[in-house]
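Note that subunit A is present in both complexes that follow, paired respectively with subunit B and with subunit C.
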Partner chain A sequence: MRRRATISPDTTNRTAAETGLDRARKRLKPPPVPTDDRARSRLVLDTMILHLHPARIPQRTLKWTYTWGLGGLAALLVTMLVTTGVLLLTNYTPTAPDAYLSILALRSNVWFGDLLRNVHHWSANLLIVVAVLHLLRVFFTGAYRPPREVNWIFGIVMLLLILGANFTGYLLPWDQLAFWAITVGTSLISYVPFIGGWLGSLLLGGPEVSGATLLNFYALHISFVPLSLFVLMALHFWRVRKDGGLTLPRAAGEAPVEKPRRVTTIPYLIRRETVWALSWIAIILTFSVFVSAPLEGIADPNLSPNPAKAPWYFMGLQELLLHFHPFVAAIVIPSLALAGIISLPFLDHLTDHEGIWFRSGRGRSLAMLAAGCSLALSSAWIVADDLFLDWAAWLGNWPTIISNGFIPLAIAVMVLALLDLWVDKGLDGTLEERVLFLFTFLAVSLVVLTIVGIFFRGPGMELMWPWSIASGH
Partner chain B sequence: MNRTRRIELIIGFVAAVAILIGLGMAIVGEPARIATAEDEILATQIDDATAIYAEQCSVCHGIEGEGIGSTPPLDSEALSTTDSDTLFKTIARGRFDTAMPAWSLAEGGVLSDYQVSELVALVQNGDWSTVADRVVNLGYAPLVPFTAEPDPEIFSEIGLLPDGESLQRAVTTYAAECVACHGADGLGTTLAPALNDPVVRAQTPDEIARTIDLGVSGTLMAGWDGTLDEATIDDLVTLISRWDEVPDGAVPAPDVPIPTTEESIALGESLYQANCATCHGVDGQGTGRIPALNVESFLLDTPDVAIEQIVTLGVAGTPMPAWGDRMTEAEIQAIVGYIRAWEPTAPAVATPAPRGGPPWMQADQLVLDESEPTDWRAVTLIALLLVASSAFVAIGLSTFRRRSKE
Partner chain C sequence: MNEQPIDITHSDEPAVDRRSFLKIAGIAVGALTVAELGGIGLAYLHPRTAEGDFGSVITAGAVDDFPPGSVTHVTNGRFYLTRFDDGGFLALHQRCTHLGCTVPWDQATEQFVCPCHNSQFDDAGSVLNPPAPRPLDRFAVTIDAGMVLIDTSSAIARDDFDGSQVVYA
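For the complex of A and B:
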């Protein structure tokens, strides 16, 4: 009550003598001026929020099970990463042996040093998961179709930047884990045709991971990658509003909503965002108090661990390398995947089923079918390749890039084509259903590859049970 | 709307309280955490330093830092209370006019500054009985006496050479005092250069005598003028100047076999898997044209010394490199011990993997050992995978059919 009274002292009683001219004059007056500090600060805050958000949003888009708050969570994580990252900068030396010593000092000499590092580490890892889930959400609700195709591409570039930020940050502790993961990860660059060697020495600052690499990665990690990310984030947020806000969620079979009911952003959206942000800050903080970011012994270029694994988010790629010639695994397949994912909104551009999870009830069944097929086929392929598939021996006289690269790739593509044919003819699927099926199939394959790479590969990258790796046999 | 609002406010409140509690716990626990982190870091550094000590320092300072001969002990209270800077500089830069060389890479040594600081932590805080266990387990002990017996037949032959008695006396002294570092027949080891060498012989007797008298500062070579009398040093000078006349085999290598222990086999295994397995196979079964090691014909016919020599010198004309350039003697002996441990179970005929190279070309990846009891966790996991994928397919297909009819 009191608040309202202070905000609008101007609502004078409308008297009978008031003319139309008076009313018009009153409308032209500037908005009521707040008179106390509380109202003033509130006005400033609200205005700031309304620079980012529209004043009113469709009530439907508030639905938790539609967006899962993933985009906002990603933005929160970036904010936390910048905050903790800037603080970490004050205690870090980007030169070869001293980097590790500064991490040790952070642990033993700096109050909250470990907490800061843990929050930064876990937020960074969570950001990858959240960004990927955000991408999946946008795909499965069809929210990437025109006019949102530009924002879809911004999003993919941002995902690549996030991976880049994580990868460059991985080296900075300069421990054994960092050194060898980056050595494994960057070794793939040499397979880029024509310019691979040049590109590798540009990135590493020499033929192998060294102090120069650390300085390069440090520079990329604290300037280039975050700056690009900020620019793209701004563009991404701007495009969301430019494209008319979020797609409107609706149930399968429900007709598009022409005039959705709107609610004001303050307080309905802001309250949710605050609650969501507070909850995740609480989760990350508590987790970081109890679980430390990994830190091994100082990097030793002469002592390679067995197995030497890339960072976990590249384990799918490293697993792929065990099954295909490196040129196919590291260059051809990722390029095809990237090209495919960028061209999705141009292939699948009909907006009929926008805002419906999995397009329709049929779509949901198809996605489930695709997940099941992928789970079975990709794990079967991994085991079969390990047990008896031996292209290089069967086609002994052929160069391995053909026998172990393009031939298995062709077979994999053929399997996909057959599945697609089945969905197309056998199940009478539409274009968008075929796209949905293939995307789900490939996404689940990537998850399977990543899990196998992380948990089922022991010394020598041999296929092993996780508990056998843990017990060392 | 009101109900949602209330739930949201409650969640927000709980989260805010959780943040405060989390921060509070971090604040309260911080001193303890810092203390634990310090202890952990110190323990890791001492552990690293112990391995370095075993490899580099125990030769002179003894297996538990007790000091050998004129080398000072390290397990003294005076040293453990010396300030870090002095200890760091002593290790990094060596001590002039003593056998203590400079160890820092910047001074031409082999240790990084970080490793030197780890050694400082060991000297200040180390538990020397643990160090002794490690040194013994890594196969660097016993180190004394590092002496050899001159071959009697050649010894009497030497006596027939001009000035033979002097040479004989020198050979006896060499076998007792010098062979540990300068090696059999003066051919040198990883610790010290060869003396039986034209370059050394080209020096004048005075130069050689000065080196023995005063030592070479910055290396392990101490001054011997306090330990050996002038006549003995003169004999040694004669021997070094005329070693080309002495028949080969006069002073054999000191017979100090490095014992095979559980830890040395583990060291051997990790070295083997990192360096040898690519060509010789993970289980020594050989790959392609690279010979198998885990096979009776090899293990029964080849004594340890021969394997050690093959590993150290390599085999000319084959892809087998000389590992002596890259590994210490103890490391090579650990590998030999690991290979030797295969002997009881070695098959009569080896089945080499098709060839070396990337994992996808190696046939024996998933070893199905039928003698092992059934691994129920594995069975459960496979069953779960099958159930999950078939359930997805079944539910997907059936609901799809139903919906298609609608």
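For the complex of A and C:
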């Protein structure tokens, strides 16, 4: 294996006279010993690369519009986060209220301190976007089906860890933004049945967000979360190789490719990866020079800002909380969603359309249809619920967990079931297409909820136009 | 297993033979180890007692410092002290029962209005407007030698406001 890799295809001169025996003999010969320093360092570098990558890969998988380079970008971002994170540690004090002062000092007194903080901040936020896009790519190309279901599950755990890393990191600057986002976020835990209160105070190290919470989060942020992430990343990459590399992209209607043409990893893959990584490093650095990570006033437990918003990646959840009882919004719906995502490869496990975007031409139209329906229905429902749906008042003598929780949830589930019935019977959809439709519908709903939460919620969480929020301040 | 297991137990031997005894003992010791380490870990992580003022018994002031029909924010104790028109006292945790924001008292409308998701409470902490699922928690109030003492060590959750929660001088 190693030998093949160090020789690129143009240097293997296979003449017609060469017999099978000659080729076997050639293969058994040890690799040529490099004679100068440059060749020696090349060999070391190449063998290092080949610990991660196979020597040769199917040429098709290099197709840019198949992977969009998302997995590699996520790995780059984690590397950048670790590098900048370790550097930030040298200037950070994990105690309240000194944490805030140490960030202020980092920004004003330390050479490139602000830049480093910005790079860490923006890479962390970008990582969430990239990981979610990566998940979507894998879903829409059907690349999660057996034997890749293991990596699908590893991926979901990594996504949760990334959210955990961001959430625990969010508290560290100890400003108003951090304090209240974490207060609201951790209060959700109190709605876990039976053990919620205990679990919450264990995580917070007391009854409210305090210095103890900061230390707990700090410990999680710099040890448990990154370590678990490394282990999972190693497993993830190992599984990609064990599953025989990536799924092979093909056009709709094209038959599965039996013997794909292969090219050597060095230079074909490595060259692309290097260009991609360097471009993103340049983009993130430039962005961080011009746009600073937010930092508000020091945390004040007696004063909640208005509006007190969750971190943007939990805005979808926050929006749900405005419409459902917290137990349903924060516990039931996320658990159902997680269970649904995990069970996807077991529901939809036929590999027929693997490697084809949206499964087929018809699948593409169905996905567009689902996105359109979701856009219309979710935004209509948000507005209706804000303006005139008032379950709690209509069903006044029921506990709010039923009137404002399970009843609207049941209605939402019914709407989904009707849509599914329509795709199944009306449009004569296969199981694969029904899964595609529902997943697309729910994914777009999450995007709608998130966008409404970020841009359309002003003081008092009132629904309003982004421009009137901007002018109100 | 074989069709003909070799019988190493004798009828007069106890029901538990050496092999299964060791197995059971092994499992028991293993479970004990896990329980012990888990217990130690959880006890170690158990919330540290809140430092500073909040969490202890706080002296809010003399009874006469609080005029009837007033609501006073005692920030180091994280509570509001309501004195009703009839002179009774009620201490309310400042933490919104929805998701934990601090609720400011609005004197003009005589309401607590949560800035986070717009829950509203009256001066007794009762919910005027959801999403808050229950009234503001209260702290135990005692009056000793003309001083109002509030025990902030544990917030008392309640489903409704009733007169028994009010303390008189």
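Keep this in mind: the second predicted complex is superposed on the first by the 443 of 473 C-alpha atoms of A that agree within 3 Å, B and C clash if a C-alpha of one lies under 4 Å from a C-alpha of the other, contacts with A are read in each partner's own complex, and residues count from 1 in each chain.
We adopt the following convention: a contact is a pair of C-beta atoms (placed from the backbone, for glycine too) under 8 Å apart; a residue touches a chain by one contact, two chains touch by 3 or more.
The structure presented is a predicted model; accordingly, all values stated were derived computationally and were not measured.
Under the clash rule set out above, the superposition-derived model of subunit A with subunit B and subunit C contains a clash between the two partners.
In the superposition on chain A, contact is made by A:202 with subunit C only, not with subunit B. In the superposed model, A:461 lies in contact with both subunit B and subunit C. In the superposition on chain A, A:101 makes contact with subunit B only, not with subunit C. Looking at the shared chain after the overlay, A:304 reaches both subunit B and subunit C. Touch criterion not met for A:53: it reaches neither subunit B nor subunit C. After overlaying the two complexes on the shared chain, residue contacts for A:239 are found with neither subunit B nor subunit C.
In the superposition on chain A, contact is made by A:212 with subunit C only, not with subunit B. When both complexes are overlaid on chain A, the residue A:187 reaches subunit C alone and has no touch with subunit B. Which of subunit B and subunit C touches more residues of subunit A: that partner is B.
In the superposition on chain A, A:137 makes contact with neither subunit B nor subunit C. In the overlay built on chain A, none of the stretches 44-52, 224-232, 314-322 or 386-394 of subunit B clash with subunit C except 314-322.
Across the two superposed structures, the residue set of subunit A contacted by subunit B and also by subunit C is 304, 306, 322, 392, 404, 459-462.
If you check the complex, the residues on subunit B that touch subunit A are 5, 8-9, 11-12, 14-16, 18-19, 22-23, 25-26, 29-30, 33-34, 37-38, 41, 44, 48, 112-114, 270, 273-274, 277, 282, 354, 358-361, 363, 365-366, 375, 377-378, 381, 385-386, 388-397, 399-400, 403-404. Subunit C contributes residues 42, 45-51, 54-55, 73, 75, 78, 94-95, 98-104, 113-118, 130-131, 133, 155 to its touches with subunit A in the complex.
The residues of subunit A lying in touch with subunit C in their complex are 180, 183-184, 186-188, 201-202, 204-208, 210-212, 301-308, 321-322, 325-326, 392, 400-401, 404, 459-462. For subunit A in complex with subunit B, the touching residues are 97, 100-101, 104, 107-109, 111-112, 114-115, 271-272, 274-275, 278-279, 281-282, 285-286, 289, 297-298, 304, 306, 322-323, 360-362, 364-373, 375-376, 379, 383, 385-387, 390-393, 404, 427-428, 459-463, 465, 467.
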